[in-house]
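Common to both upcoming complexes is subunit A, partnered first by subunit B, then by subunit C.
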Partner chain A sequence: MRKLVTLLFMGFILAGSLALTSEQARAADPIKVGILLPITGKHAKFGEIEKLSFEMAVAEINKKGGVNGRLIKLIIEDTTGKPDVGRSAAEKLISQDKVVMLGGGYSSSVTAATAGVAINKGFPFLVNTGSADIITQPTAHTPSGKKAAKLKKSLKKEKDKAKIAKIKKEIAAFQARADKEVERILPRFSIFRLNPPVSEYASGLEGFLAEVVKPKTVAILHENSLFGTKGAASFEKSAKRLGIKVLLKEGYDAGAVDFKPLLAKVKSKNPDLVYMVSYILDASLLMNQSMELKMNPKLFAGAAAGFTLPEFKENAGKASEKVVSATLWHQSLPLPGAKEYFDKFRKKYNRDTEYHGAEAYSAAYVIADVLKRAKSHKAKDIRTALAQTDMMTVFGPVKFVSYKQMINQNKLETYVVQWIDGKLRMIWPKNLSKTHYVYPVDWLKERK
Partner chain B sequence: MDLFLQTLVSGFLKGGLYALIGMGMTLIMGVMGIINLAHGQIMMVGMYITYSLFALYGVDPYLSLFVSMPAIFVLGVTIQKYLLNPLLRAETILPENQVLMTVGVGMVLTEVMRFIFTSDYKSARTSYSNATFFLGEISFSVPLVIDLFIAIMMTVALFLFLVKTDTGKSIRATAQDKEAASLMGINAERITYITFGLGSALVAAAGTLLMPIFYLFPDIGGPFTRKAFVICVLGGLGSTVGAIFGGITLGLAEAFGATYVAMEFEDMIGLVMFILVLLFLPGGFKRITKI
Partner chain C sequence: MKVKNRRMMTAPLAALLFLLVFPLFVSNDYYLHLMILALMWVMIGSAWNLLAGYTGQVSFGDAAFFGTGAYTAGLLVNHLGWSPWWGIPLGGVTAALLGLPFGWICFRLRGAYFALATLALNEIMRHIATIWESLTDGMVGIMILQTFYAPIDSPIGELSSKTPYYYIILFMAVFSVSTVIWVMNSKLGYYFLSIREDQDAAESLGINTHYYKMISLGIAAALTGLAGGFYMNYMGFIDPETVFSLHDISIMAILVGIVGGVGSVYGPAVGAFIMVMMQEAFRTGGFGLLDAFAEYTGSQFVATSASLITGAHVLGFGVLVVLVIRYMPNGVVGDWSRLMKFILGRFQRQV
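Right after this comes the complex of A and B.
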């Protein structure tokens, strides 16, 4: 008798636990999506604006009923702006939190590192900010591809002709091997990117320079990071195309106290254009100290990133006035929902937003769309659904294509903004801009 | 020529602050014979005090020197009294335990500040943060010039204190020979508290002076500890005059490196000098100046 009772009892427990794991019970669970952002650390301001935008978008999506009746739950993991922390955060989201896909990805160095984790597992990762070209180039993620890239770098410093020929041969060999290795990665290459790559950040700015400023010489300053060096290298190519002579191209370590020796050197060369690829605090210090040195080139231009955040104006004060920057988005663009997003953000958080926020907001909508279309929430099906994406967002149309060795890359225009009377205004391309650019600028008068 | 002079001025002004940072460390090194690897972190705490006063009550960063220095003095005394000195009494395998302790103290300070203020970058922008004046074509940053002036005053005050006062003489005596000083009736343990407090207060002052022109986050301590260490080795361990030389040399080297080599190598230049001095002039400038 006693045995029977025990058996019955156990039977009940078993039945109960089975019922709990049934499909119905799981359908009520929210869908977990992992988001990698720098919530603390030196890139915290960028992480903050993206986090707020992600949360706003997901709240809207869930209010409208979520995805196929299930709510979306964001698990935001802090990368602290460091590649190693980013890697372990990605590992944790995938294996411990069991998220269905990854989103976010700020700063090129961190995103390139975390992308490696995702590729190894074939795990879908929708990048919305990390911009170095290599992130969506499959060959760059193979061991031989990495070696070839390293050799290419050493090639630049080499002067001996015999050695150059030797290194070139080695590079070719590595590249051939990388092409073979890539075949293994390719079927499950899982990185998709919403934002344009850094090599195209200045494409809008190029038009402005060619038609309005017409500079003859340029000094390029950049941070010694993946984003900084790649951004500077691609602008050097732009300058060549436009016939602008590069007088100086120099990197600096983030966190320097005094940029004056570097800026004094720039000043002594007297370039028409000063182009800077910097994150926010260095951007502010660079502008402040250029003011202290009374630099007066034709134009100060920034490569997006640090130059469009509201905090740039707060930290640089009047030194930010009339500074021009490349940008990937502006609320005045004729995109459906762009202005509404800007107004909603302002109403909800009582502060301005800019292109980083728009990227995150749109990424959330793309994620919701993908999860809706995916046959199941297995990595393979989400990858397929991502590849088939074709939708309009506040950031612009999203459709993943392949070009310039990049695959799964969204192709978008870039624009130019200028800080005019403390407000970030879009000034280029002309036919889309409501505000006329201020040029020429007398920087000395501007900052009195 | 303007470029040369501008570099010279920038390097010298920055060197003044470096000297102040180095002096605190070298003082501690002289008396206790240990390297304080929490030096930059203590400076970071001083900067947070300045920042809080500025953000909450609008206190001018220069005025907050009167708060940050005494507060960090107390912090320094506490660290020495309750964390470092007890290690001397314990029978340990490693005589370097005090140094290891300072590493731990530095980490704890960083994490505590991260807990309170998060890792966000903070700055105290004042109306004069970007003020400049010009001599010919050379630009002088007003806050940095004021900083240099205050740093010089503090150095003079420190020297008067060490040379003229009873406590100062006791510190020097303890630095020269701890056991002999004890035999002469100096309370060596009390001297260690005072020295650590004083060294900490000096670096807190440097942090406070840096606040109007720079920014702040919890991890800022590490790089400054490294710089302080380089300065002390350049100047000669334990030598106050050496620290002044070391600080200004490092400031100038970084500035000239940035102008005539490349700014990318700013940190490398300091460390290369560090190695060269260790190899060819062990003992630093102290060997030349003899002070």
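Right after this comes the complex of A and C.
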């Protein structure tokens, strides 16, 4: 027994000293940056394309000499697409790996949860994909503020004077608490976002619908997730603006295998437009099953995410043909380096890339730029440097501004793409696109 | 059930002492975070063990009670503006209030049928939380501010905002384990055991099995609900997928119980630490040791295998769980003597 204990003890010391020496060796050279991505789990495909892009960008930056003579080292942690695991990963990166800042952040719910860790410490976090508006809204982190807003709405309907006075008193109490909370959170609000919020994903598509398709009715299908729910809700507002009647708005569970009952319901309502907010597996399955059901609306449109990945075409086959989707980026855009990035990615990994990859690639360049400008690599100085960012990337200009209750938010245009002959082509806005859109589409003929 | 000899008390007391002083020596937020999660699982595992291990009513739906507790805390903040800390005690109450009528209806079912009913309860609660958007905000989830913040820009690792959470959950975990000990040493415990061993025989002795099963479920649900309330406070973000998750909460509760040892007081406590630490160790490649080793040796082979092992963490973790269940059916605590004999026997033979 004693020998066993000695042996174990020696093993621990060995492992400990090993960890220590490597720690010392590391301390001198590279700057460590933590990246949170879903490498396994249901969002693995998005995580993979972003991981490859991050690695490619950092390899390029390091080849050119890194940041002020120091190399950048990425530590990529797997969030598995779950909020609580994402939180553990963020804690590990900050406390154990001692990274100087966080990047990545895929899927709205994981990003919202990990943002909490960053805010608690005032630790800089450059989000490049998590898109729910609330991520960069400090007031959304303060429930009292939300409650006050809700009460204000209910006040309009109320007529009884005694009740109005009571509600007003309540509002004042909630507002006071909200102000206190915001005051507490603002100095440490360290979340910066490179990509547009989900409420703007469809703004490019709106133009296309208004000028070309002119649908009268729409059916909205969305995944039951933070991203899906918010995306559907904001498209409902767009539809109202455009005078499109919403016949149906329904959520489904992520990872469902049979959409036919749902699609049959859609088919029976016969909408002009079917708008879907889905991640990758659901997106391809929805298209496949809509083909089997011989649906023939004027247009199938997706809200980015699953509809632009190369895997969408691979999984959905000819059911993906002529499907239109909102997007945040396309290689044909007149942005410096966009086409080069696309070609380099293809050459290196022998596969296509799309907007998620571009987001990650640009985020890496923004991180390098921030680290170069920051006075020191303390959280405070990096936050300041992030706030002063003003640069051009392959994803578009990056500058963090405040609007619509969001702060530290990058404002960008969104575009429309269409799958034409198995290739993702940009079709809108017209003045920027090299390819003419294919419309109207006879889906039955298209999918024979 | 009485803890008769002193020796049985030394190990748990030593462990408790260790846990009490742990934050004094370790101020690394990451390790504290893992300890907090493990202690939370001690609560959930102990509660599950009371119902499944001692009363013999296997539940596949612990997430229903956990999520109810968490949502109680979240909704109190969102709609009434109360402090989320009220959500901990009230979360226990609401979870019990959910469990009791459910038990009253479903304890007419036995064995696998009851397990299926709990599974259904889990799914029902998840759907309610998803669909009832005006109350719960659906999949948008509930985000609240944490109570304890470290002073802004304090050097990482020097001042931790986690210490208060750590002591709160440590107290709660000790409370649940003592509750289980207390219950199992009281008359109730004997009723529970008799129900587990043979429900018909218990009935024939005049035990109102339906009633006592409900009590067992009520206590288990309340303890799980307390843990849920704590989760909301600590994590600051919940959505239906997370807290009503079949895989991440309900199944994990069962695994914690089984790996630690079903029907032993300290089994789930040990199981919770094993499961949380193992899961994290697999996800991070031995807490980064694999990577460090690869860098130390500088060998491409080690680096590649390290990234492969880390990449397949879900698989590795699953295989480990299967092996534990296959070779240690009574869990680590239940089969402790066998395990020690196995290791020591090997070792002695080699010597």
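Here is the rule we go by: the second predicted complex is superposed on the first by the 387 of 448 C-alpha atoms of A that agree within 3 Å, B and C clash if a C-alpha of one lies under 4 Å from a C-alpha of the other, contacts with A are read in each partner's own complex, and residues count from 1 in each chain.
The rule is simple: a residue touches a chain if its C-beta (ideal position, glycine included) is under 8 Å from a C-beta of that chain, and two chains touch if they have at least 3 such contacts.
Every value quoted in this text rests on a predicted model; they were computed, and no experiment measured them.
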item	value
Touching partner for A:Ala44 - first (subunit B), second (subunit C), both, neither	first
Subunit B versus subunit C as contact partner of A:Ala385, first or second or both or neither	neither
Subunit B versus subunit C as contact partner of A:Ile367, first or second or both or neither	neither
First, second, both or neither for A:Lys260, with subunit B first and subunit C second	first
Touched partner set for A:Leu281, first subunit B, second subunit C, both or neither	first
Contacts of A:Asn224 with subunit B and subunit C, given as first, second, both or neither	both
Partner chain in contact with A:Thr80 - subunit B first, subunit C second, else both or neither	both
Subunit B or subunit C, by number of subunit A residues touched	C
Partner chain in contact with A:Lys98 - subunit B first, subunit C second, else both or neither	second
Shared subunit A contacts, counted only where both subunit B and subunit C touch the same residue	40, 80, 224, 251
Complex interface listing, subunit A residues touching subunit B	40-42, 44-45, 80, 224, 250-253, 255-262, 264-265, 267-268, 280-281, 288, 291-294, 314-315, 317, 319
Residue ranges of subunit C touching subunit A (in the complex, touch as defined)	28-31, 33-34, 37, 77-79, 81, 130, 138-146, 149-150, 152-153, 156-157, 161, 235-237, 239, 241-242, 248, 280, 283-284, 287-289, 292-293, 295-296, 310-311, 313-314, 343-344, 347, 351
Subunit B - residues contacting subunit A, complex	2-3, 6-7, 10-11, 14, 114, 118-121, 123, 125, 129-130, 132, 134, 139, 141, 210, 213-215, 217, 219-220, 223, 254-256, 258-259, 262-264, 266-267
Residue ranges of subunit A in contact with subunit C within the complex	1, 3-4, 15, 18-19, 21-23, 25-26, 39-40, 77-78, 80, 82-85, 87-89, 91-92, 94-98, 109, 112-113, 116, 120-123, 132, 134, 140-144, 146-147, 173-174, 177, 181, 184-185, 187-188, 224-226, 228-230, 251, 254, 378-380
